[in-house]
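Two complexes come next, and they have one chain in common, chain A, joined by chain B in the first and chain C in the second.
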Partner chain A sequence: MAELQTQNVKKQKPGLFKQNQLAIIVLVLLILFPFIMSLITGQPANEGKPKFWEGQFINFFIMAVYAMSYDLLMGYTGILSFGHAAFFGAGAYTMALWLTHFAPLISSQYKITLPGGMDITTTLLFIVALLLVLIVSILMGLFFSGASVRVKGVYFAMITLAIGEAFHILSKATDFVKWTGADEGLHGVPVPLWINPTQHRLRFYFMALFFMVVMYLFLKRVTESPTGRVFVAIRENENRVRMIGFNPATYRSLAFVTSAIAAGLSGAMFSLWNMSATPSMTSAVTTINALIMTILGGVGTLIGPILGAGLMQIFSQFFYQWFGARWPLVFGLIFIALVVFLPYGIVGTYRLRKQGMKAGWTRFTKQFSAKK
Partner chain B sequence: MNSDREIILEAKNLRKEFGGLVAVEDVSVQIQARTLHSIIGPNGAGKTTLFNLLSGVLKPTRGFVYFKGQDITHLPPHRIAHLGIGRSFQITNIFPNLTVLENIRLASQALGGDNFRLLKASSDFQKYVDKALQVIEWVGLKGREADLARNLAHGEKRKLELGIMLAADPQVLLLDEPTAGMSSEQVPALLEIIHSIMNLGDKTIILVEHRMDMVMSISDRITVMHLGGLLAEGTPQEIASNQTVQTAYLGDLYGDLTESMEGKNG
Partner chain C sequence: MKNFSKSNKTLLIVFGLLLILGLFAYFTMGQTSFVRTSLSGLTIGALYFMVAAGLTLVFGLMDVLNFAHGTTFMIGAYMGWQFFTNPSFLFGVAPLLIAFLAGISANTLLQVYVTQWKIDESKREWIKRGLILMALVFGLIGVWGIDFLDLAETAMVAITFTTNPLSELSPQLPLAVFWYRPLLMLFSGALLAVAIAGPGDKTKTLHVDNAKRGWIVVAVLIVLTIVSVLVRESGPEAVLLMNADLRFVLSLLVGALIGAGFGAAMEASLIRPLYVRPMYQVLVTLGVAYVFKEVIQVLWEPLAYQMSRPPFFSQPGKADNLIAWFSTHNTTVDILGVTFPSYRLFIILLGILMLIGLAILMNFTRFGMIIRAGVQDRSMVEALGINVRRVFTLVFALGAGLAALGGIGAAPFIPVQPNMGDAFQLQGFIVVVIGGMGSYSGAAIGALLLGMARAFGDYLALKFSLSPAISEASTVIIMAIILIVKPSGLFGKKE
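So, the complex of A and B:
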């Protein structure tokens, strides 16, 4: 027993760098990426080709968070939800509505300045926007989990599909055309100047990268927390979870709220990035994108959805260039092939292989030492 | 002597209907604290249904369940677990894709009050790991901590099943056929675990079991169920010599049991 404990301790403390070598190298590369692009192309990091590629990456960072939020539900807690776009869209619309309608109204009447004379009204209003997104996301999460009290599995998935569609219809309802722009959506959202994605592309790039890294660390922490372990246990065997003294409904709600927060924030970021909020963000296609990204990368891993989002970004970019509007058709074929050949996704299959190799080695060395 | 008579769990006039079928009919049982109380009966007698009623998995159509005098009839299962009633299952009910350690660690975490520490790593709570390792050693799964539960052999899964229940440190343990599907060679190890639980001195075990030799040798009291109702209750000796029980359940197969029990206890 003592032996195992020391092993446990050792496992945890092999140095932050050594443990996450690959992740840190990738992170450094991502930080340097705009400058490397600038060096290669000879154009400034905020213009031309570097700007275009930064845009690609910004999109990827935001979608990666969205995919991770979905995986927390599907991969970790085992909840199949087809209404995830509602979380994403709620975040996007909250941000866009606030910045379009409410923030200008308030800033035209009140000015908040620092003692030095600096005007911080827009910054404060932006923080309020983030808080609002948080609150709306929490409410959305609770709303969805409320539906899961009595209905399970596929039936629950159907209900979430219905709720998701309801929000989609709401987002393009002509009744609120003055507010939401109905089918058109909200465009030209007055994003605070200092993070305007067209003028300050480089800044936005780092903001999005920071957002993804923070959300990854947050979600990783959650999944490794005592609460996160219960999420996984619910996926494995909900009845037993109940019998050993956890109330599954509470943990499902928590999973939903956490997932909704991550999805809502990514939606808000997406609306800042596009300076718009449109009904397509709440549509079933957006939900399916989350599903595809998660399955591509590997269900039940957080790195998987990030990879999946990256792949999706690459596919959508190049395939559109090569195949035009018919690119989803080609992508669909590739997706089928990937599911057939890598049923656990890229990361999941890799981990299984690694585990198999490791087990094989242990068997091999054991036999060796036994003979001796 | 008085404390020996303390009733820890009581079922009062329990009745459970599934549609038209009456699975448990007017069952009243009193379980004394710190005893091993077995419930036996032929297949379909309603033993598991009674267990489900006691542990809150099912709600009775009529009747009550009291734990230390408190009415727990309508509490949800997770609340009942918090009161100190543990349950193991006839059909192995584990977390297949988690390691043995994690299976048991979860159970020890369940009642610990750190379940909502969302931003702390679960590895920071060493006490649950320690408790789990202790239980793993207790049930004889040492060396298999890191294996996935689904890769265990059947007998080991049964031990894990017990371990998950033990990790929560319950006062009353409902064991639903702990030896189900085990070979005879594996039974002594399990018996030893049950003995060690009783030796702790503060545990009450309610056991459903089909192995009559085992039931007769370890029980303090036995309740016999038949067709959903109670047939008899008493000490192993009384049950073995009970003519009604013999015809209803034990049959000819255990016809010589009376003699052997008498010889042992007399």
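So, the complex of A and C:
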């Protein structure tokens, strides 16, 4: 009797663990992953095969944040933007430019030490870099939303495309070759030693994982807040939002800024991870990758883009081995098939069919139990 | 007069501004560089117009943002170039494609019979899927074993009129081995047609006239298949041996037609089911662009090719003026003291001809009237009993054909490579935004503006020792200014 009661109570209000069971299990698995890998392969977690797989996962974490930031625009607010790579590239270039040109200059002239005698100059400069990325992202978001405040829909998409492409052209313009390295981009960015991705792979792995989890929670909080509800309302019916008394332009630029921050930070992380910033990070291909990841996983969800980023990582890793240099052909065909037949992505379709699947599963299991 | 100036206010303002800027530039730059810059501006503008015209029509009529437009431009260039240098690929593929099309186009006639079949409702979907699967299998058997890569092989620079023109030719499969393939493709298409027609679906109805028209289409396509099978081996030789100028004109036509066919096929198969989800249409066009860029790279390697100019534009030397050029056909012409490639003049002419053709089509034909009405109010046109679906497909085909024509027109003076359309597509989008969606005259003005901006921007960049990338990026600024003044573009419909 007592058991039954507690069960009832539990059913009414599931605890934090029960509610997010799957998420927590996945998180724990991800945290343990490097050690499991090193157990399986018998190599230390910072070398050999584990190192390679950690690299794959780091890439996935960073791209997942980037895809989520795109989904905040496309899936939640209903803004089709084709200039998203500009945010990503802005973050990457800000980080790389700061670390290559400004940080060494400052650290060679000034030393900041704690009372204990610890040198914290590089750490401080790194924090400044993060702040700079934040500021640049916010400015970029404001610029994009400001430049297109008077237009809507597909017009808007074209304008974002044009602005994004303008940034791409500028990023590989030979006029700034001294700063940006033009076509080749910046390579060998002097990343602070304590997070150097080649020497401290394991540390970088945890940093990227932490980054993804924090950004996921942040974006989840945003989308579940009243502001996030307005974003969704704008997607559904902008006129009605205006009637209720919200200014859609304000909320659209809010969405833009939030998305730009997430994308800019992921770009900064990406430039740290690759120790470079190249014009390909601002190109249309990068935007299209975000789009594909979002569509693949499921529009209008946060888990979807993460899944999509993971699948994309697998595709780009193995399709090359399976299909050779022309693997994007197969990938493009899959993409078209997805758009036509599975428009809500993996997560969206699962959510749509969840009831049916569950019913089918219970019928299936009942059949078995009846036979027994 | 007052009415005229009122209704064409924007046009007059734009031309006035251009005139003032032009005069200013003329007096600061001097005649030679001014003429050279404006001529190259006109060339670029003509190319932009060819891309943007289709884009703006497609967008204005059906709100589809076509990201595959640059790809169509590229496909047109590749196809025309292939026809010009080594048509064996086109001749080898044509019978299969036409046979398949003949099969598919039978769906309207088949509908009359197929829908009468007595099939249980629960089985219909499965039968449909089975038919599609069978069609796929037959189609695959039909093309299995053909060495497309071998057919498509072409040298980096095809020399067409100095040495043996047949040097590029690749061997075709002999008819004795080939004959069953078109039949299989026909069968595959027919199976697909049955699946589309909806076996046992009595809710579909068809007018007798349409069925009759369907017969004619199928008959014509089957005759074309037979002809294309027969000329498969002799055709390429005949094409390569004919007068190179005539061959160039034909390759313009072939490129445009293939582009139009590509557009129509894309609209009918992928875009049409998605009119309820506009965002996904954009994504599908993106996917199509992605796939076809890769297909082209599979066939011709990711290389840049150079198409040679037809002899009409490539006699060595320089003509003293335009009139003298008509008798000498030199590579370059002297225009007001500026040495200018004559082929570029042809591109300007092509752009102007296209504008005139479009103006006639839009203003003096029934089809153009429907398009104009559709841009204004699509649902009203539909309510008047016009088959908007078919108009959509036709407009898509028209737009794609124009882009492809632009592509093959541009091929002799820009490298033919898989991403040649991308830059033009981007500038085409900007042109459309500037000119206003759905207005071909707006696209013309926008293209002119942008072309001039690019040319003069390049001139200025050179003068201040900057890279041309700056002037490329600055076109965005023009767009931003115009959007701030007029959010719907210069000649766009008001929201």
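The rule we apply is simple: the second predicted complex is superposed on the first by the 341 of 372 C-alpha atoms of A that agree within 3 Å, B and C clash if a C-alpha of one lies under 4 Å from a C-alpha of the other, contacts with A are read in each partner's own complex, and residues count from 1 in each chain.
Criterion: a contact is a pair of C-beta atoms (placed from the backbone, for glycine too) under 8 Å apart; a residue touches a chain by one contact, two chains touch by 3 or more.
Just so it is clear, the structure is predicted and the values come from calculations on it, not from any experiment.
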Kindly say whether there is room for both chain B and chain C on chain A in the superposition, answering fit or clash.
fit
Output check: A:247 vs chain B and chain C. Expected answer is one of first, second, both, neither. What do you get?
first
Taking the superposition as given, does A:187 touch the first partner, chain B, the second, chain C, both, or neither?
neither
Is A:366 contacted by the first partner chain B, the second partner chain C, both or neither?
neither
Which superposed partner A:236 touches (first chain B, second chain C, both, neither)
first
With both complexes superposed on chain A, which partner does A:158 reach: first (chain B), second (chain C), both or neither?
second
Check whether A:353 is in contact with chain B, with chain C, with both or with neither, and answer first, second, both or neither.
neither
Three-chain overlay, closest Cα atoms of chain B and chain C, distance in Å:
11
Contact set on chain A toward chain B in their complex
1, 4-5, 8, 12, 221-222, 224-230, 232-233, 236-237, 239-248, 254, 258
Would you mind writing out the residues of chain B in touch with chain A in their complex?
55, 57, 76-78, 81-82, 86-87, 89, 93-98, 102, 105-107, 109-111, 114-123, 125-126, 128-130, 133-134, 137, 142, 145, 164-165, 167-168
Mind listing the chain A positions that touch chain C in their complex?
74, 80, 147, 150-152, 154-155, 157-159, 161-163, 165-166, 169-170, 172-175, 284, 288, 291, 295, 326, 328-329, 331-333, 335-336, 339-340, 343
Going by the contact rule at the top, pick out the chain C residues touching chain A in the complex.
59, 63, 65, 270, 273-274, 277-280, 282-284, 286-288, 290-291, 294-295, 297-298, 422, 426, 429-430, 432-433, 437, 466-467, 469-470, 472-473, 475-476, 479-480, 483-484, 487, 495
